[in-house]
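First chain A sits with chain B, and in the next complex the same chain sits with chain C.
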Partner chain A sequence: MSIILDHVSYIYEKGTPQEHYALKDINLVIPKGEFIGVIGHTGSGKSTMMQMLNGLIAPTEGMVLFRGQDISDRDFDKKYLRSKVGMVFQYPEYQLFESTVFKDVCFGPGNLGLDQKTVELRAFSALHQMQFPDELFYQSPFDLSGGQKRRAAIAGVLAMDPDFLILDEPTAGLDPKGRDEILELIAGLQKEQGKTILLVSHSMDDVANYVNRILVLNEGKLVLDAQPAEAFSYYKELEKIGLAAPQVTYIMNELQEKGIPVRAGATTLREAKQEILRVFSDNRAKEREPIHDT
Partner chain B sequence: MIRDITVGQYYRTESFVHRLDPRVKLLGTFLYIISLFVFSSVPGFIVSGALLVVTIWASKVPLKFILRGLKPILLLLSVTVLFNLFLIKGEPVVQFWRFTITREGIQSAVFLVIRIVMLIVGSSMMTFTTTPNQLTDGIESLLKPFRIVKLPAHEIAMMMSIALRFIPILLEETDKIMKAQSARGADFESGNIFHRAKGMLPILVPLFVAAFRRANDLAMAMEARCYRGGEGRTRMKPLKYQTQDAAAFGVLTLYVAVHITCKVLW
Partner chain C sequence: MGMIEVKNIIFEYIRRDEEGNVESINRAVDDISLDVQAGEFIAVLGHNGSGKSTFAKHLNSILVPTEGSVWVDGMDTSAERNVWDIRQSAGMVFQNPDNQIIGTVVEEDVGFGPENIGIPTDEIWNRVADSLKAVGMYSFRKMSPNKLSGGQKQRVAIAGIVAMRPKCIILDEPTAMLDPQGRQEVLKTLHALNKMEHVTIVLITHYMEEVIGADKVFVMDAGKIRMQGTPREIFSDVEQMKSLRLDVPAASLLAYELRKAGLRLPNGILTREELVEALCQLY
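Here is the complex of A and B:
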């Protein structure tokens, strides 16, 4: 049960003078249970790649395989794919349409042909999981704030109970607390329910804090596929393609340049703290040693 | 499918027709449309067709792109053809069961198709080769004389250009909304007509909401930059006729002359 991209390319506006590659020869295996971060400069093809994973657009060249089946096949069940691979778009206002938030969240599971009771149960639990305030359940989705809309939109996809959850910049435009809350909730889905998460983000710190694998896109090409520590060790190269490393990576590198013997691989605040404390305690032990000798 | 709608879009390239003054193109299109109705006979269509072919050739817009714009009107075309074929009385040609196809029916159907196709292709040639900005300037300048009768030329032109400018944006928006709803398992293809109509709701509601929001934002942005209508407004690129425009006017005059000659001779 994994998604495989095999030599996938995608061309926008094929057959017009504006035709251009958005993705070029991508090879990728997404197994179950991972938390994957997708980063890349604006226009590098992240959203395009995400839309391909649940069959919203078909690759121009190459194949996308789900459970070993080509999703472009005529007899492939797209509805099944979309119930298993959930996708939350960059801007939630494109999907809210019902008269109340609750009804809107029911739309997804309702399309799966479940009975009314199951649909409502799922909608309830999805809204609760997203910690959506109870008193707003029967509000019009258009009267919500940006952050609440985002939660409602994510709940709308979550209610379909997908195994793979794709989130295209779910935290854009949220305050720090709202951002952390949503990311924690998403991380919980992966840890507790074993869902695979793909997170597109422009925040290197967020990516470093949560994911266990990073995909870097540049001009439609997959240039790096590694664990965070390794990926961010290439921070000079990342900078060249309009990206960066988390703040702590810079601090650790500068400490190292100043001659303090820290290992520069830390990407999160916690790792950095441990590393710095380790060096400190080593130093203290060394300072004590000569005293013992005399 | 959504992306197939090319009517009203600008096709960016460098050509003689693209460089023409928008007023020439507007007047030319106007003249061309009138001529399609006034000179609707076989020689008339040949002359009009010739002008169209020359314009397409000179504009460097690929034929494939132009024809794509006709796809959405195929249904309309086939309905008109059927009505004309079966409902017009006259000299019978084919007869089966209760239906009769008459000579006059065939003639009128063929004429109608030719006229509609040439009408659509002809008027989209103008929008393919003229940016919305140029188009507004042209319309405004042509409507100026009517200010005597209190016609708000600037406002009309502005409204039209905004509407044109928003066509591709709304199409793009529709595309995004359709994707977002498909991702939630929405199905726009199957079911009977009522089912499908209901299925459009999840697209139409966000689309309208987005359109109103956009209109609001645009109005606000125009206010913020002190827009207050056309009174005393100057232009960055004032319209000026060039030699090539004179040439185009020459071609148009010739076109009308040939039409009239044909009409008199036949």
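Here is the complex of A and C:
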């Protein structure tokens, strides 16, 4: 059960002099269970594409297919789509509105026509999945810290039990530890429950640390669709379109340029560490070898 | 002379019920003292809820301390008559550029501040041109702010402060909502203002890489200053930074990990150039 984008374009202000493509001829298959990072500078079309995946905007050209059906079809059940493709917007805590956290999280599943008990069970389970502290369930969401509000807001989408979860910069404004905690929880949803995650992020390090596939958008076009090591090997091209590679990628490339025989493909700290240690221990082993005349 | 002098300040958020009885007291700033010299570039780090934004709001009299005192450019922030002068000396830039831009044309937005303090029109135009040049946005002066990227908008917001000719600019997570390019643009602008115009900068951020170029770093936790020093000193203590829910720049962390694994790298590596250099010497 994948989401398929087939020659999808979106045109703003069509038929006027300001007409321009926000998305141009996007072809993409998003299968279940992947952790996908979506990167692109401001205005590259990321948000437009994400909003298309759960039918908030309809493509001007082409089709978005969910379970083999065109989501723009008149008889397509958009409500069902939105429960299966959950969307967490930037700064989702601004959308908290109920008098208690628990009621707020119940709001989504409550609109799916489930009985009250199921709704509450789902809310409990969603809050637990986000490791939201039990003693705060009945607090007003407005009395929580920034990190807690963020968890509550994500739980509100999780309670819909989506198969696909789209998160637009879920760690913006969080401190480094808070950022790692949220990303770990999100990674857990993919590993343990097989949910597909689409993470829109400006942090190349976060993307490199968690995802198994990267989509790069520029001026409305999908310019790259690859695994992290491959994607970030194009770091010079990424810089030209306002992006970058993780810090360690630069370190590895610079070491290579200076003649240290590291493979430059490392994108995470752990990979870089292992690779540097490998090269240095090889080097020492060589020093210990007796020198032969050739 | 000190640009900012903070002496033993305490700030408490006090919640009251309908009758006015005190419900709870939350001490957000707990006995902080520090001095910032004119022309310094200062960074403040701290996890969410550590009190750094509350502290920053004391530096241009948005908040006044419950106890202790803050002096900005020789003026006491708790004296109401000083408020206007203090806000001219010390301008503040916030996280979200969209909340700070009011003009429909870039140059009008930048001119808003000087106009409000009664600067003559010719002088306003000079200041607008100068400040837009200082942040590298002069060629965008006739554009609508709506058409700008996040980093460009944030530079316009900074230009709006620069047009007030402040001696000091305080920035509360100015890059949190920007893409990597936007972040770099803003950082470069701040260092240029600091070096060329000798503006004192106080930068509050969650991005460790942005702190590397600062003269001095303060690390806050639970309303107190837990660490202070040069970036090199601060980022040498990886374990303490982690225990304060923070991080160190990627090059420092990699150097730390490699040292733990037995490579004899020097302590205090900050940038990737330094790490590459040190590894080359070792190889």
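Quick note on the criterion: the second predicted complex is superposed on the first by the 281 of 294 C-alpha atoms of A that agree within 3 Å, B and C clash if a C-alpha of one lies under 4 Å from a C-alpha of the other, contacts with A are read in each partner's own complex, and residues count from 1 in each chain.
What we mean here is this: a residue touches a chain if its C-beta (ideal position, glycine included) is under 8 Å from a C-beta of that chain, and two chains touch if they have at least 3 such contacts.
What you are looking at is a predicted structure, and each value in this text was computed from that prediction instead of being measured.
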{"item": "Partner chain(s) touched by A:Leu65 [first = chain B, second = chain C, both, neither]", "value": "neither"}
{"item": "Touching partner for A:Leu114 - first (chain B), second (chain C), both, neither", "value": "neither"}
{"item": "Chain B versus chain C as contact partner of A:Ile4, first or second or both or neither", "value": "neither"}
{"item": "Partner chain in contact with A:Ala229 - chain B first, chain C second, else both or neither", "value": "neither"}
{"item": "First (chain B), second (chain C), both or neither touched by A:Leu96", "value": "first"}
{"item": "Chain B versus chain C as contact partner of A:Phe142, first or second or both or neither", "value": "first"}
{"item": "First, second, both or neither for A:Ile251, with chain B first and chain C second", "value": "second"}
{"item": "If touched residues of chain A are counted for chain B and for chain C, the larger one", "value": "C"}
{"item": "Those residues of chain A which chain B touches in one complex and chain C touches in the other", "value": "none"}
{"item": "Contacting residues of chain C [partner chain A, same complex]", "value": "46-50, 95, 149-151, 173, 176-183, 206, 208-209, 242, 245-247, 249-251, 253-254, 257-258, 261, 263, 272-273, 275-276, 279-280, 282-283"}
{"item": "Complex interface listing, chain A residues touching chain B", "value": "13, 15-18, 51, 54, 56-57, 79, 82-83, 86-87, 89, 91, 93-98, 107-108, 111-112, 142, 156-157, 160"}
{"item": "Residue numbers on chain A that touch chain C, as the complex places them", "value": "41-43, 145-147, 172-179, 202, 204-205, 242-244, 246-248, 250-251, 254-255, 258-260, 269, 272-273, 276-277, 279-280, 283"}
{"item": "For the chain B and chain A complex, residues of the former touching the latter", "value": "3, 12-13, 64-65, 173, 176-177, 179-187, 201-203, 205-206, 209-210"}
